[in-house]
Each structure stands twice: as structure tokens, then as C-alpha cells.
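Each of the next two complexes has chain A plus one other chain: chain B in the first, chain C in the second.
The block that comes next holds the complex of A and B.
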């Protein structure tokens, strides 16, 4: 059965089924007046009318803070205890296609020269139930960066809302097929259900991704005056990077007493002035526009070129949360134009 | 008002009196405003002022922005509430009065957050500071633009923040602890609250000092509590309740409750109101033999 139907009345049964087997069920829900992905135990906690949740799903696969080892000073020396991640199965319901597409991008860096099991074990034990978008806002720009609002990238199951509020389910991966098989009493036969229209944001006029990449690759543009002009207003907070589904930089800190403590892996942001601060006091990115340039370079040059992976999925979170409204799509237009003028 | 504003900005740039005018402009779709840095007289046309102009631009006057200082003497478009922060910067020796040309704008209030705007400024979408505003006529400025505003703030401050403060004051210590721990648990340590604050101008924030580590930087409950408490303490007697930190917070932590509580405590203890007089130092950085000692019981 490649396609099946998930009735909205059956959602509670699915949640119960997942939880009874020791898993967690993550879905869009309201927290502090915002729609967020979070663990739910009841279908009533879920919301179905949302565009893009405030957080991305990365915090469930790559937590904002997690211990990676524990240490204790003993008479004989330092005792180090390894931390092993044994994640429960996580079912992500209602993931937007942009967020699902980000997983493949994040995975690249965590499986590059070293397999980071803190990430891979969590992702490997997850089931991604993507729901195609039926609404979008001014900030959505997935189509501009080649992501589709009904895309299957990163999805195990692709769901499409029916006009009755049920979901037509298409299995994309073997994991998705196995999941439907495992909970076959929850899924039913599709009965020619009528689907809601998919909301496809118009690609942003004036943006040419190839031109942007070309411009960024040309090192003579690294010190171009446009960077200061475009990013002068950046205040250097980490809101864009922390809500971004593909930003994955982290920092290691030791916390505890002098006798015992933990080494923790914490999210870090290239927008912070201490991000590349050297022990000598020198900082190669000594002003804010250079830090913002780095973020843009990372999204459209460094990361896609080095890892053949997406740097940006067009979810628009960085635009929505920016306190000074530094809009990455406006910079994309400006850089596309600058590239044309070269 | 915009005509007047642009005119004044153009004159300032043409005469060379300033090198940059820091103000508000439209974003590309003209649905949101965003800070702009006008350096050429002909670009003064980009300046706008409307209820979407929520940012407190005084942050760009601080030493955190050496690149902006290099553009020359600055003129700044400032609402009365923004001017309060400039006044504190002057009181704390961060700015001299002549360092900045203040274009005060008469303001009828702004929206709490830009995304609430639907074409009309209604009381429900205005922040508490606007409902109690006593500086709609800019109080410190080199020039003032806009039509005079007829507004008298209520004698007793009104708004959700004040209701919430009364509610929290009535809680038991355990309930209060839980209230704040619930909110702080969402903190993602993005430091947007600090970065948008023009009074958070330390070159090195205490959270970045790690020898010794005063504040755990991890976003776990202890680290989040430590961060939010220490920031509150560092702003006591200085915060003007401009609300930028709460507006910038991506996870909706009600920082305005903390800020206003600090304002009330400081007013009660020292009879000090921050942001009105550049010659009065914030009470927590001065020693005064007349200070009350009624907290010693």
C-alpha cells in the first residue's frame, strides 16, 4: 500500500501507539503564544493551522545543550566517563518540507570526517512525517532556493491535507513504509479524498542563485564594500542562527566544579563576537558586517561547495525573528544584482 | 511629518553637520520598517516614520558599533522613549550631548510587534509603554518634527504588565520561582535581548568571561536563570522600559515584567526615574548618604 489515509480522529491512536512503544511524538503545538514543534501526548495539543513553527526540528536531533562526557578528579588522576546516546524513537508529525530538507544538510557535517553519533543515532531513530504546505507568508522563500512546499526530500512519509482535515499519506522511504505497516490499524484505504491546494510561494524576483554563488566564489568580492552596506544594521544576536534549521555550529564548554563536571556541546552562532576570537585577542571577523557576511557565505558558498548540501532551505525564520529586519532575501537580490553588474 | 523629517535630514547631510542619519526606512515589500543609515542628501527620501517604527535606534550610538562611528557624527531619528536611552548613555558618560544630533519625532504610539500591524494603530496592539507615555513630545532633542500630540498619560500606570506584576507579587516564593523557571526554560541564549539593548554596551559581557566562568553558557535551566537574573540586575536603575528586549526575544519571554518591576523598585527606593535627566547618575552606581536603609530589618 503506497498511499493510505490518516484520519484526523486516528491521530490520538497513532500518538498512543508510538508512546506505548517507548517513543516520543513531536508535533506543532502552542507554547507561549507561538506555534512550536514539541512533544505532545494528546492530539488536542496539536495545531493544524500554522505556516512554519518558531523552532526547527533540529533541537530534537542536535539539542541546544547536551553533555558529551563527564569527568571527576580522583586521587589517581582524572576519571572520564563517556556519554552514550540511546535515543528513543521520535516521530515528527507535521514537519514542513523545508525543515525535512534541512536534515540531510545537517547530517553532512556530522558524518564528514567523524561520525557524530550524538546526531546520527537520533536521526536514524526518527520518522519524518512531512506535511505539504497549504499556506505561506511573506517570509517563505523555499521555491527561491529550490525547495518545494510539497517536496519529499528528507521525508519518510509525505502527507497532504484533505479538505476534510484528514491526511493522504505517501510512503517515501522504507522506514516510512515500515512505519505504516507497523501501525496499519491507524492508517486506512485512501478513498479518493479531495486534497487542499498546496501553497507555493512565488520565487523571489531578481534572485539568481547561480549568480550569487559565482559572486561569492570570486575572492575579489570578499572585501567588497557591499557587505558593510548590506549588513550594517545587524546587531549581532544569534536569533537567526538558532532558529535556522541548517545552522549547526557548536561550541564545547566544561561546566561544573573543579572536582567534577561535564563537557557540554552547545549551539554556537557565527554572529557572536566571540565566535572566532583567538586566544591572542585577534579576531579575523572583527566587526559585525564581517560576521554577517560569513553567514551569507556559509549558506550560499562554503557549505554547499564543500558538502554538496543545502545551506538554506528558505523557511524564512531568520527574517521573522530578526529584531532589525535584516532580510536575507533582500541581500540575495542585491548580491544577484552586484553579480550581474560585474 | 515625513516631509519635515526628510527635509531636516537632507539639510544636516548637505551642510556636513552630520555624516550619517540613523533612521527608519521601508523594507523591500514596504510592509515592515527597518533601520537605515542615510549618508547622502538625496537618500533622505528613504526616511519614514509611522507606527511600525518600533526599533530603539539608540543602540547604534554605542561603542558596540565602531563601523557606524567611522561614518562621522550621527543624527538619529528618535521617539521620546528612544531618547530616554540616549539620556542614560549621556548620564553614564558614553555620549556627550554634542556627539549626536537628535531629531525628536512626536509619536502617537507604535505597535508592540510589527507583525501585528494591519493598517491601523489600535490600543490592543500597542505596548504598555505607549499607553503610559509621558514623552510623546520629545524631551531632549535638537529639533522636533511632527504635529503636537494631545495625550495625557493616566495618573496610575495601566496595562497588562502592571496587572501581571501585581499577580506575581501576590504569589508564594515557590509559585514565583516556578513562573520564572517556566519562562526561562525556553531561553535559547541567542542574546537578542542584550544585543538590541542600548544600555547593554559592555565590551565584554559577563557571560563571556570564563576565567572564572560566572554564568554557565549552556541553555539549561540553571544557565538560563543565571543569565536572565544577571541581566536584570545590571539594568536596575538604568532600564527605561523601552521594551526592545521583549520585542526581540524569539521565544516570548515576558521581559517587560522584569523591566517594569525594576523600574518600580528603583523609583520606590531612590525616587529615581531613568532617562529624563542626563545630569543625574543612575542610583546604583553612586553612593549617597541619604539613601534609604529601610531594607535593613
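The block that comes next holds the complex of A and C.
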């Protein structure tokens, strides 16, 4: 059965089923008056009328902080204990296509030669139930970066809302098919109900991604004065990178007492001065525009060119959270223009 | 190993004070299997940890030709290096590695080698020096230029004496003007100046250079005048590192992740990088 129906009334049964088997069910929900992806145990906690949740799903696959080993310091020496993640199955319900598409990028970095199993094991035990977008806001720009609001990239199941508030479910991967099979008492035959219209943001005029990539690849443009100009407003708060679904940079720190503790991976950001500060006091990216330039390069050069992955999925979060409203799409327009001029 | 961030445990078997604030550790892996199987190539680095303080990046300063132990030489500058320098013989530290690329010493067979180092830049070079000296017959003339700020700041003082005594290599040692003291028998002058005066030939010669950025910058122009091609001049890039395995995102120079694709580069390769130093 490639297509099936998930009735709104059946959601509780699905949540219960997943939880009974030891899994967690993550869905858009209200927390502190904002829509966020979070674990829910009850269908009433879910919201269905949302655009893009405030957080991305990355925090469930790559937590803000997580132990990577534990140590005990004793008179006889040090005892170090490995930490192995044994993640429960996580079902992500209501993931936006942009968020689902971001996982491929994060995975590329975490599996580049050395495999970070803290990430891969979590992603491998997740089920991505993407819901096509039926509304968008001014910050959404997925289509500008080649992501579709009804795209299947990264999805195990693609859901489309019917006018009755149910979901037409299409299995995209074997994992998705197996999931529908496993919960076959929840999924039913499609009833032919009409689907809600997909909301497709207009591609932003004046942006040409190929030109942007071409401009960045040319090393002579790295010293262009446009960078200092474009990033002038940035205060280096890092909010853009923390909310960005493809940002995956981290710090490693030891925490604990003199006798025991753990080494942790904590989210970090290339927007911070301390990120690249050498112990000598030298800092290769010593001014904010250089750090901002690194972020833009990361999104539109390192990810696409080096990792053949999406650096930006057009979710618009970085625009929504930026305290000075430094809009990445405005920079994309400027750089596209600069690329045309050369 | 499934957890890529899990270090091996190593015992500090010996510890030497090289210069003020600079120490060398002899490390032996606790696990006999690791001790047996551990191999690395000259130029590679590791992450050394003091549990409770964190990890620090140092090159492996011993040569790839010596098995059973590794050495690192570090300067006390911050949190981890201070904690590390306060440990004693017998204490346990963590080591992850070896990481990164290496000096292509195999390709240099039959060539002359010129080593240039400044200050705490000697440890990575020293690994290559001993690797080549342990296979002395594979290489032609070996010349070294090593300088430090003052006589006291020279590291590996005993080895410098040993190298001076050997007749199969030439060592030119120098200290910055004002850094000399009673009994100093070396040169007085900055490394680039001393290098220019010595004027080693570029014919069939590769150069390995490590040290402070200013020293490298001026030495590179001297090397160019001496006829060295950028393809034959090797150095290491040092950026702040945390993971060492291409994940944490901070060691990049433009699109190049130094921890995975470096730290060893030719001058020609560096000239092609984004200006992100």
C-alpha cells in the first residue's frame, strides 16, 4: 500500500502505539507561546496550524549538549567509560520538507570519513513523517534554494492534509513502508477526500544560486569589500546558527568535579569570536564580518561544493530570529548581483 | 572503535623540561594491544587530554621509526596545557589520533633536505628529522636552521648538541639579537637572515619549515630567492581544533579542514587557499 490515510482521530492511537513500543513521538506543539517540535504524549498537545516551528528537528538528533564519555579520577589512575547511544525510535510527525531535507547535510559532515555514531544512530532510528506545507510566511524561501514545499527529500512518509483535516500518506522509503505496515490498524484506505492546496513561496527575484556558488568559489572574491558592508549589522549572537537545521558545529568540554565528570559535545557557532581564537591570541576570523562571511561560505560553498549537500534549505529561521534582521536572502540577492557584475 | 571521540589511555613514562614553559612527555599506551599496533606517519597530530580539563592538539614529536612510545612537546599557554604541565611521571592522560596527513618522506628519497624551525615550531620538524636520520642512507645532504628568541628558549638542547656532533648533517642554530648569553657558540640573528647568509642550494632539495607566522613569511621570500619552488617547501598549518576529525567546524581555512586534509601543506597549496588565516 503506497498510499494510505491517517485520520486525525487516529493520531492518539499512533502516539500510543509508538510510545508503547518504547519510542518517542515528536510533533509541533505549543511551548511558551511558540510552536516548537517537542515530544508529545497526547494528540491534544499537537498543533496543526503552523508554518515553521521555532526550533529545527536537529536538537533531537544532535542534542544541544550530550556526554561522549565519562571519567573517574582515582589515586590509581583514571577510569574512562565509553558512552554509547542506544536511541529509542523517534517518530517525527509534522516535519516540514525543509527540515527533513536538512538531515542529509548534517549526515554528510558527521559521516565524512570518521563516523559520528552519536548522530547516525539517532537518525537511523528515526521515522520522518513530513507534512507538505499549506501555508508559508514572508521568511520562507525554500523554492529559491531548490527545496519543494511538498518535497520528499529526507522523508520516510510524505503526508498531505485533506480538507477534512486528515492526512493522505505516501510511503517514500522502505522504513516508511514498514512503519505503515507495523501500524496498519492506524492507517486506513484513502477515502478520496480533496487535498488542501500546497503553499508554494515565490522564488526570490534576483537570486541565482549557481551564480552565488560561482562567486564564492572564486578565491579573489574572498577579500571583496562587499563582505564588511553586507555583514555590518551582525552582532555575533549566533542565534542564526543555533536555529539553522544544517548547522552542526560543536565544542568539546570536560565538566564535573575533581573526582568524576564527563566530556560533552555542546553546540557552538562560527559566529562567536572564541570559536577560532588560538591560544596564542591570534584569531583568523578576528572581526564579525569574517565570521559572517564564513557562515555564508559554509551555506553556499562548503556544503554544496565540498559535501555535495544542501547548506541552506530556505526555512527562514535565521531571518526570523536575527535581532538585527540581517536577512540572508538580501545577501543572496547582493551576491547574485555582484556575480553578474564580474 | 565506535565512539570516535574516545581516547586511548597513556601513561607519562618520562617528562623533560625543554625550556621555560615548554615540556616534553614520553607516553606509553596502557593497552598492550594498542602499544603493539599503534602506528603513525611523521607530521600527524593527536588530541591529548587531561581528564577534567579537556583536550589539546599537539603534533607527535617523536619519529615514525620509533615504536612503543610517542612524545609530544608543548608550551604552557592555557587551561589544558597548564593542567598537563602540572602532571607527574606515572600519571594518566588520554590520546586520540593519529590524525591528519603527513610529510611525504617516502617521495623525498634521494633528495637533500633543508629543515627550518623557529621556537616551538621545532617539535613537528623534529619528528621528520629523526624519521629521516633513522633512514639516513635514503637522503642526500641534511641541513637544519633552528632559531629561538633566547638561548634558554631553544628546545631539545641535548639533541641539538648531538646533531652538531654528527658529521652527516649541518646544523645552524641561532638566537634573536639580544637573546645570546655567555658561552653561546651559535649565530645571532633572525632565522630568515641567518638562512639567507647560509644560502643553502635549492637543487634537488625539499624544505620543511615550521615556526611563528612572521618567521615563515620572511623565510619564504628568502627561499624563493634561493631558488626553491613552492612545491618543494612543506609546512604545517595550525588552527584551533576541537574534534580533530572534520566535524566541529572550527579549523577550516576557507573550504579546507586542516584537521582532516592537513596539517601538512606545500607553500604552493597554501597560496591557493582562501585568505582565512
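Please note the rule applied: the second predicted complex is superposed on the first by the 342 of 342 C-alpha atoms of A that agree within 3 Å, B and C clash if a C-alpha of one lies under 4 Å from a C-alpha of the other, contacts with A are read in each partner's own complex, and residues count from 1 in each chain.
We adopt the following convention: a contact is a pair of C-beta atoms (placed from the backbone, for glycine too) under 8 Å apart; a residue touches a chain by one contact, two chains touch by 3 or more.
Keep in mind that this is a model prediction, so the values were computed, not measured.
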{"item": "Chain C versus chain B, contacts on chain A by residue", "value": "C"}
{"item": "First, second, both or neither for A:285, with chain B first and chain C second", "value": "second"}
{"item": "Touching partner for A:253 - first (chain B), second (chain C), both, neither", "value": "both"}
{"item": "First, second, both or neither for A:235, with chain B first and chain C second", "value": "first"}
{"item": "First (chain B), second (chain C), both or neither touched by A:124", "value": "neither"}
{"item": "Touching partner for A:88 - first (chain B), second (chain C), both, neither", "value": "neither"}
{"item": "First, second, both or neither for A:297, with chain B first and chain C second", "value": "second"}
{"item": "Partner chain(s) touched by A:181 [first = chain B, second = chain C, both, neither]", "value": "neither"}
{"item": "Chain A positions touched by chain B in one structure and by chain C in the second", "value": "251, 253"}
{"item": "Complex interface listing, chain B residues touching chain A", "value": "27-29, 31-37, 55, 59-60, 64-68, 114-115, 183, 186, 188-192, 194-196, 208, 210, 213, 216-220, 223, 244, 247-248, 250-253"}
{"item": "Contacting residues of chain A [partner chain B, same complex]", "value": "31-34, 54, 64-65, 138, 228, 232-233, 235-239, 241-243, 251, 253, 255, 264, 266-267, 269, 272, 274, 287-289, 320-321, 323-327, 329-330, 333"}
{"item": "Complex contacts: residues of chain A adjacent to chain C", "value": "68-69, 71, 73, 77-78, 80, 82-84, 109-110, 112-118, 219, 222-223, 248-254, 256, 258, 261, 263, 265, 268, 270, 275-280, 282, 284-285, 290, 294, 297-298, 301-302, 305-306"}
{"item": "Residue numbers on chain C that touch chain A, as the complex places them", "value": "2-7, 9, 49, 51-55, 77-78, 81, 91-92, 94, 213, 238-240, 242-243, 245-250, 252-255, 260, 272-277"}
